[in-house]
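Next, two complexes with subunit A in common: one pairs it with subunit B, the other with subunit C.
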Partner chain A sequence: MAVLDTITQETEGHADRTGEADLVVALPSCQSREQLDDAVAGLRTVLPELLPNGKTVILHPDTAVAAASEDAGPSAADTSLQLLAVTMAPVERYHQQSLDQGLRALLQAGRTLNAKVCVMMSSEPSAESLRGLADQVLYNGFDLSVPLYARHKFDSLINRGIVYPLTRALYGARLHNPMAADMAISPQLAGKYLQSQPAAGQTDCGWITTNALCSGLQVCQVHRGFAPLPGVSEAVDLSDSLAQVLSTLLLDAERNAVCWQRVRGSQGVRTFGRPEPEENESAPAQVGEMIETFHRGCKDLLDIWATALSPATLLNLKKLAKLPEDQFRLPDGVWVHALYDFMLGHRQRVINREHLLRAMTPIYLAWVASYALEVQTFSPAAVVNRIETLGAAFEDLKPYLLSRWRWPDRFNP
Partner chain B sequence: MKTAGSARDPLWYKDAVIYEVPVKAFFDANNDGIGDFPGLFQKLDYLQDLGVTCLWLLPFFPSPLRDDGYDISDYMNVHPSYGTMEDFRKFLNAAHLRGIQVMIELVVNHTSDQHPWFQSAREAAPGSKERNFYVWSDTDRKYEGARIIFTDTEKSNWTWDPVAKAYYWHRFFSHQPDLNYDNPDVLEEVLKVMRYWLDMGVDGLRLDAIPYLVEREGTNCENLPDTHVVLKKIRAAMDEGYEGRMILAEANQWPSDVRPYFGDGDECHLAFHFPLMPRIFMALRLEDRHPIVDILAQTPEIPENCQWGLFLRNHDELTLEMVNEEERDYMYLAYSSDPRMRINVGIRRRLAPLMENNSRRIELLNSLLLSFPGTPIVYYGDEIGMGDNIHLGDRNGVRTPMQWSGDRNAGFSRAAPETLYSPVIGDPVYGYGAVNVESQTGEASSPLNWMRNMIALRKLFRVFGRGEMKFLDPANRKILAYLRRAGGETVLCVANLSRFAQPVELDLQQYQGMRPVEMLGYVEFPVIGAQPYPLSLGPYGFFWFELQEPRKQGEIQAGE
Partner chain C sequence: MWTQIQQALQESTARVLMGFVRLVPGLGALIVALLISAVAAKIFGFLLKRSLRGIKFDAKMASWGISGLSEISPTGSPTLLVVRFVSWCIILVGVLIGIAAFDATLTQQMVIRMFEYFPNFLVAVVLLFFGNVIARFLARGVLIGAVNHNLPYARLLSLGVKWLVIVLTSAMALEHLGIGGRIVDLAFAILFGGIVLALALAVGLGSKDLVSRSLENQTFQGREKSEEQFRHL
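Presenting the complex of A and B:
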């Protein structure tokens, strides 16, 4: 996956000359001419309906498609759609710094062009997706609209096991895809995001979703069917991905401590569109390797875990390690305590932060294994309920996180 | 070239936690026995971890050092003992990168008698522009209504200069002649100095001794209207050229006399609340909240963009100028059993020895410092409970080297001990073997970690920096209880000034239905009802509570 890296001065000048636009769309994943042609052709079909008499500017990579602005779809006479080449750099999913840079480029272009909505389409540059997301900002008064994907029960488990419930507990919004790479953004949110300059010495100013939630802006989600296949290379290491996601979430939590420490409970988020029809899946869980990795972690990483985890949580993990596969269940409370303890260890820098987060991989795999064994026979609705129960556990234990955040002390239960 | 200040919020100083630090005392990087800017640079991580957001640097300019640097001989340079201008710039940038603002001293009332301005003045013809940089007289009988401030050393505010063949005016030491603000060239030169440092990116200026800028016959030469004319010009010049900068006024005066230094929000942004400080100590010793409540009741409202600067201890004596005679006598008896602890009109001791090293007392006072309305200022070393040395002259006993570790020279310097600018504290209770950063860093329950946690907690609640204060009036006067309120957020603070456990009932009827949540441990207390709210506090105990609203309709509690 790629996102915009930075908008060149030349491009900013170009944006300036373009005048105004109602809609600015970024297509960072279009790394070839063919991809761009297909995407633009698709998006054009929806524009007359989405923005009658409106003007759209599409930002695309300036590398593989250098000549696109001349003949990639719109004719010279067609002033309602304009293509603009910007500098792109391939980055991995969840990489906050790069996403921040990409968003900044998009939002700066949006500001220059006085756009009514900016849309980032990193993973799914389709007409339906554009309409679904942009509609809510253009016509329903939302400041941020993100896709809500249907998931197969074993998909997107970092999101289900960590990102969603943690975001829900911290920020009080039941937003199912808080780290979406596609989104539509209002000028108000764009302004706030651009205003919140990264602090001196920092490279980013946080996840835009939490920016919106902490600013009290209106956020919604839009059913988008099943998620497109991620562009992440198969070779990407789980520890890398997990550490990257956790790092993003935890740095954001540090930055937003003043905000989330005042949030209690959670509320649903307005949701648009139709959910994908439920499909019963019967997929037997293959968890042997995961449990084996967890066992190895218990043996090799105990010292590192002990720097962050409370004695009670460590003891519970040791008990878990003794269970046979058919009884292997990680209680929600233990999983949440472990995650919160890592969060606090990260904040206190008990050891090198990256080492600490990577050391969490075996515990995460234990959760995945436990979850997979538990839900393998569940209906889709039961899986949804299961994730909601987990989210509730994150909320129930938030006072534990708060107390230890406010008064860090190793002398814990 | 003009460098922007590091703060984005123009009211950043309201939320700041300021750390007062003398460069010479913090860390010696070149091992010559004197702390320096490269040393301070090396310790920025420590300061960032502590959580302070602004460093107040005591004077570091070239000086004969006869008044610890407040006798400046060159305003636009760094004293060679502390490093170079390049070292200062490097430090400043590094502080900004860590989100830490930097405030320096602008000593505008006087210079050193070694300053070229004074040397020119004494040689210049009477009535000339050069001569008129300072206040001269043929007699030492002018301005007799002005008191002498340094009563221990000075007999008059006039000193005869044999070169000028005239008396010159000085409110402090005789080697510190006062500048003459009736000469417009003086203000121009002072503004040049100010712009020089602000251009570099310095975020704040502490204006030293500002009540004394102007002299007028028939007055006490303090807080005169013309002084405010000067200050407004300084502020206007700052606002005209710079964003996000701040001026802190040092005016050791009664609150009603300090109030004009805020002007209509067009003079100083911050001013020390001098009278509050001794009354905090008095209230603690008397086990009675009255002195605190009384002085804060006498404290006038200040403009929206202004703020009080609060402190427990600083580089000077615990000044008793702003108490009455009886209160002063009490303070001397209560806190300076040894006469050597007294100097001028005050007590030259650090916080921990004043509290007889009682951690609960120290914590209680710091809890007040961090929760009273104003910007807290922490004096270096007080976060680890450093002691003092009353055998050193002047106020040097509270300016000893920072105690970093149990190593030689307290880890402050690798120089030979006899070459240090000051001996380190070495006694068994407060000495560096017992009290140092290294050992306290590793100890979760140490004073250092306590202070870190409290600073972090304060920073989570903007109400402390921005909110209004309202005292409660429980029958038990050993209990100090007050509300801090801002933007729909309410914090209740309750402190037990007594050495014994105390009960209290608080009238919180206005908050009926709300739930106090103890802030340190996020512990929910019983909901406030129609009856007085009962609490018990341990010796010197304190509570900070968030008052949480009942849950709103539609808000879903996990598990419901």
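Presenting the complex of A and C:
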């Protein structure tokens, strides 16, 4: 594999001259000099404690010109911290391609510099976050540590309703933020990730979290505060976002089919830190528009749904459409069946994949409406329990997914 | 006088009978050619069907992303579509051979005219085929997008887009075939304009609430954003 293919020639020379480093940190979100100055100043405060007598290299996008290295960066005498400018685009949340590019730059640099830990800080370049994530890899022997953010009950709904429970059922690990874009990575996992090649017709090598889980490496999560707001513009249209997340997730599942078909049940993941105290929120959920979109989907998208959904699931969705708003509840079983059916339809390419994933939006909105109506008066702990129950339903129905994945032509009522 | 009439009638009857007798072998040959080509089409179709099923042609078409083909195929199987197309081509060749038995000159002229016309015909078929696939693809995309944006006339909008593409490709195909001349141009312009007007009216009347909501959102973007109750990402 080409060495440092995403790092510029100049930086490559710089990396060689740098020699070795214990910690390599990538800051792809620092696109301007001011952002980089602030981030470096913050990170420097924690480095002596995190790595006494250790050496740190910070990778930053070449757009935030290395003028920072003259001001906030290290002086000629200070060899414990160095800055390297690399070609690095901001990482979008849930966007595997941009994360993959950033990770490759980071891990290649880490390998050249013989680093003990590589830290990707794509959304939150804070000292606390660096310490929390890097500590577990440096001193506790973990190969990957990811943040576990506190969430309001109506936040991060795609993660709560799809990403977390599906990853839990497939890979058997109760990792609450499997698509994290901030993480600390051990040299062992870095080596595995850099060795992996994209499958035919795919542009990336899959999510590093699932890569670590399938390789049997040690993964942990670290409590952080509330998730930072995205630093770069993200898709604002819900169906765009949903299609993007589902596509990443399902392509990853196809890639790792051999691994997850062997997994049964799930286990908790070691969690460090203290959870952020959450307030009780009991604002009534405004779900009228979501239910209306679901009704419209039931009227106009039935033909498309029928290409992927089993007749029983389709019937249950039709029944749901007849319920009044106060009784509107999508049972976990129906939601899980629907998601598994779309997963199988995506695999078999029953129709254009992009169309199939976008057609799921009204069903997802039905789940959000049902979830919101159910948990609107719940305490934060009860909301967590509700999501755990959903995760268990995904696990219970995994045999259905397995059976249809292996024998797609078998009769399926 | 009567004898002359009788003689004329006999001669004309003989000529008719002679003509009919001359036609019979040709007709027999045509029927035989048709029967043979039908049997050949059946056998070749059967073998082709088995081989295509053997290589899982339907699944391969789906995996190559050509799912539009199965939608226009009989019983949703591209294998059957290919088999039927090949079978009908064999029968057509049989008909041509059969016609050759009637009159060699006529057949030669027909074949020359057909071959002159064939490229146009082929282009028209290809245009119609791709037009159909693109129309369905776009119609489905528009339908899904419109439903996701909660537009009231989603299906009408999708149908409009579908027929726009079909009308456009049909007009192009007819022009390639040289059928209709200016009438096709005129009809196309009227139909196309009509569909666009109907769509514009449907969207305009049906989505006025949506447009006003969208304008309100743009005007009060900051306030709306802070009041958003649900975050999906």
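Following the convention adopted for this analysis, the second predicted complex is superposed on the first by the 387 of 413 C-alpha atoms of A that agree within 3 Å, B and C clash if a C-alpha of one lies under 4 Å from a C-alpha of the other, contacts with A are read in each partner's own complex, and residues count from 1 in each chain.
Methods note: a contact is a pair of C-beta atoms (placed from the backbone, for glycine too) under 8 Å apart; a residue touches a chain by one contact, two chains touch by 3 or more.
None of the values given here were measured: they were computed from a predicted structure.
Superposition of the two structures on subunit A leads subunit B and subunit C into a clash. By the touch criterion defined above, A:352 reaches subunit C but does not reach subunit B.
Among subunit B and subunit C, the chain that touches a larger number of residues in subunit A is C. Residue contacts after overlaying the shared chain place A:257 against subunit B, while subunit C stays out of touching range. Of the two partner chains, subunit B is the only one that A:406 touches; subunit C does not reach it.
Judged by the touch definition given at the top, the superposed model places A:165 against neither subunit B nor subunit C. Looking at the shared chain after the overlay, A:300 reaches subunit C, while subunit B stays out of its contact range. Of the two partner chains placed around the shared chain by superposition, subunit B is the only one that A:265 touches, whereas subunit C remains out of contact. Counting contacts by the rule stated earlier, no residue of subunit A appears in both its interface with subunit B and its interface with subunit C. Interface residues of subunit A, counted against subunit B in their complex, comprise 169, 197, 199-201, 257-258, 261-262, 264-268, 391-396, 398-399, 402-403, 406-411. On the side of subunit B, the complex with subunit A involves touching residues 6, 8, 96-99, 444-445, 449, 453, 456-457, 459-462, 489, 519-524, 548, 551, 554-559. For subunit C in complex with subunit A, the residues that touch the partner chain are 62-63, 65, 67, 137, 140-141, 143-148, 150, 152, 154-155, 229-233. Here subunit A touches subunit C in the complex through residues 93-94, 152, 154-159, 230, 234, 238-239, 241-242, 245, 283, 285-286, 289, 292-293, 296-297, 300-301, 304, 348-353, 355, 358-359, 361-362, 368, 372, going by the rule given at the top.
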